[in-house]
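What follows is a set of structures for review.
What follows is a pair of complexes built around chain A, which joins chain B in one and chain C in the other.
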Partner chain A sequence: MDAQKVDMFIMTNSKYFEAYHLNTIRERLLAIDDSKWAILSTMQFHEPTTSLIVSILAGSLGIDRFMIGDTGLGVGKLLTCGGLGIWAIIDWFMIQKAAREKNMQKIQQILY
Partner chain B sequence: MLFKNYRLYIILSFACIVGYVWLLLNLLHIRTVQGTHACLIKTIMNIPCPSCGATRSILLLFQGEFLKALMINPIGIIVAGIMLITPFWICFDILTKQKTLMNFYLQIEIYLKKAFIAIPLVILILLNWSWNIIKEL
Partner chain C sequence: MQLLVSKHIVTEHEAEAASNSYLMSLIAIIGGLPLPIVNLIATVIFYFGNRKSTWFVRWHCTQALLSQLSLFLMNSYGFWWTIAIAFTEKEISGNYIAYLITIFIFNIVEFVATIFTAIQTRKGKHVEWWFYSSLTNLVCKA
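Take a look at the complex of A and B:
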């Protein structure tokens, strides 16, 4: 793929990924052909900041986990009062990373 | 990658251990600070959350009082079921070197994301929540 397109994608979407993912994504994007560009540019990613806000407001109900697609863990959190309140607090700090990891999984389906 | 494959098993084993320790603490009436709750919603807003009362429900269930357990919180029965089955399932998977629990979990996740299952479940949880608030658990 064109280096200009790849850099544009990286610039606009860098907030959705962990810093250490970006290099891999860039290299992989340069290697694949142009036919994937249409899917790639219209992809929807989970917003880490939104998940953090939801986690602070409704983390005890597991809604943050449901939002990023971790349904099983969300149910676990809901059934245990947010993991006795401890897991809910831990997730205030973990949820952004979890959302970015989910985005990486999502983009990997296209890249590989 | 190895950690990722077994992450579910580690999380579930840890959750089971914490769950049983929590039950034991409640059974022996050991409370660290009086007047505080494990539940964040109950501590901050003073109203019960959908799963408040699950511990009481499980303790009643172990005494054989099924109906009373159901009346306190039906979620307790679901949690008790999960807590009873999961350790055996984890042991089975470790002994036979299979991933049946992992596959089951992934299947359930797919089903729960479907709207015709998710929406009734959300409504049930909301109904249970309002029932909890009325009961003042």
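Take a look at the complex of A and C:
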């Protein structure tokens, strides 16, 4: 893929990924062909900051986990009232990373 | 306690996650009082959540976990001793007071060290605690 397009993509979407993933993403994007650009540019990613806000406000109901696509964990969190509050506290600190990891999984479907 | 420059360049997200491992144990202490186990459970889950992360994050999660583990053993003994005095015919002895003072000092030292480490790791600095860092190096291989 064209280097200019890749750099533009990285600049616009870097907040959706872990910083240490960016190099891998860039290298893989340069290697794949241009036909994937249309799918890539219209891809929707989970916003880590929104997940954090939802986690603080409705974490004990598991809404944050539902939002990033972890339905199983969301149901578990809902039934245990946020793991008696402990899991809800942990997720305040982990949900942003989890959202970025989910985004990485999503983009990997195109990269490989 | 030793303040070291990290061997590799620490990215923003790594520093944030490493700092969070300490910060979270503090929040869990406040959330879980007076039960001494809540912060340990929180640190264990956080550790398992970050098992596949980079070395810097894993190392600091392990150090946070090991420090919480030793503190948990001391606090639990103090907690059940207090329960025994409150609900059975055991009496408050000199040993009990001495033990309470000891765990109080340990908790304060650990609390201050945790805050300090959370601040420094957020800046990407590698903080190694006395005793715990050697244990962490054994557990967490590069």
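FYI, the second predicted complex is superposed on the first by the 112 of 112 C-alpha atoms of A that agree within 3 Å, B and C clash if a C-alpha of one lies under 4 Å from a C-alpha of the other, contacts with A are read in each partner's own complex, and residues count from 1 in each chain.
Everything below uses one rule, namely that a contact is a pair of C-beta atoms (placed from the backbone, for glycine too) under 8 Å apart; a residue touches a chain by one contact, two chains touch by 3 or more.
Here the structure is a predicted model, which means the values were calculated and not measured.
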Fit or clash between chain C and chain B when superposed on chain A: fit
Touching partner for A:Y20 - first (chain B), second (chain C), both, neither: second
First (chain B), second (chain C), both or neither touched by A:G76: first
Which of chain B and chain C A:R100 touches, first, second, both or neither: second
Which partner, chain B or chain C, touches more chain A residues: B
Touched partner set for A:I53, first chain B, second chain C, both or neither: neither
Touched partner set for A:M8, first chain B, second chain C, both or neither: neither
Centroid geometry (CA): angle chain B/chain A/chain C, rounded to a multiple of 10 degrees: 60
Partner chain in contact with A:G85 - chain B first, chain C second, else both or neither: both
Touched partner set for A:L61, first chain B, second chain C, both or neither: first
Nearest-approach distance, in Å, of chain C Cα atoms to those of chain B in the combined model: 5
Residues of chain A that lie at the interface with chain B and also at the interface with chain C: 85, 89
Contact set on chain A toward chain B in their complex: 59-61, 69, 71-73, 75-76, 78-85, 88-89
Contact set on chain A toward chain C in their complex: 18-20, 85-87, 89-90, 92-94, 97-98, 100
For the chain C and chain A complex, residues of the former touching the latter: 11-14, 17, 20-21, 23-24, 27-28, 31-32, 38, 41-42, 45-46, 49-50, 53-54
Chain B to chain A touching residues, read off their complex: 11, 15, 18-19, 22, 37-43, 49-52, 54, 75, 78-79, 82, 105, 108-109, 112-113, 125
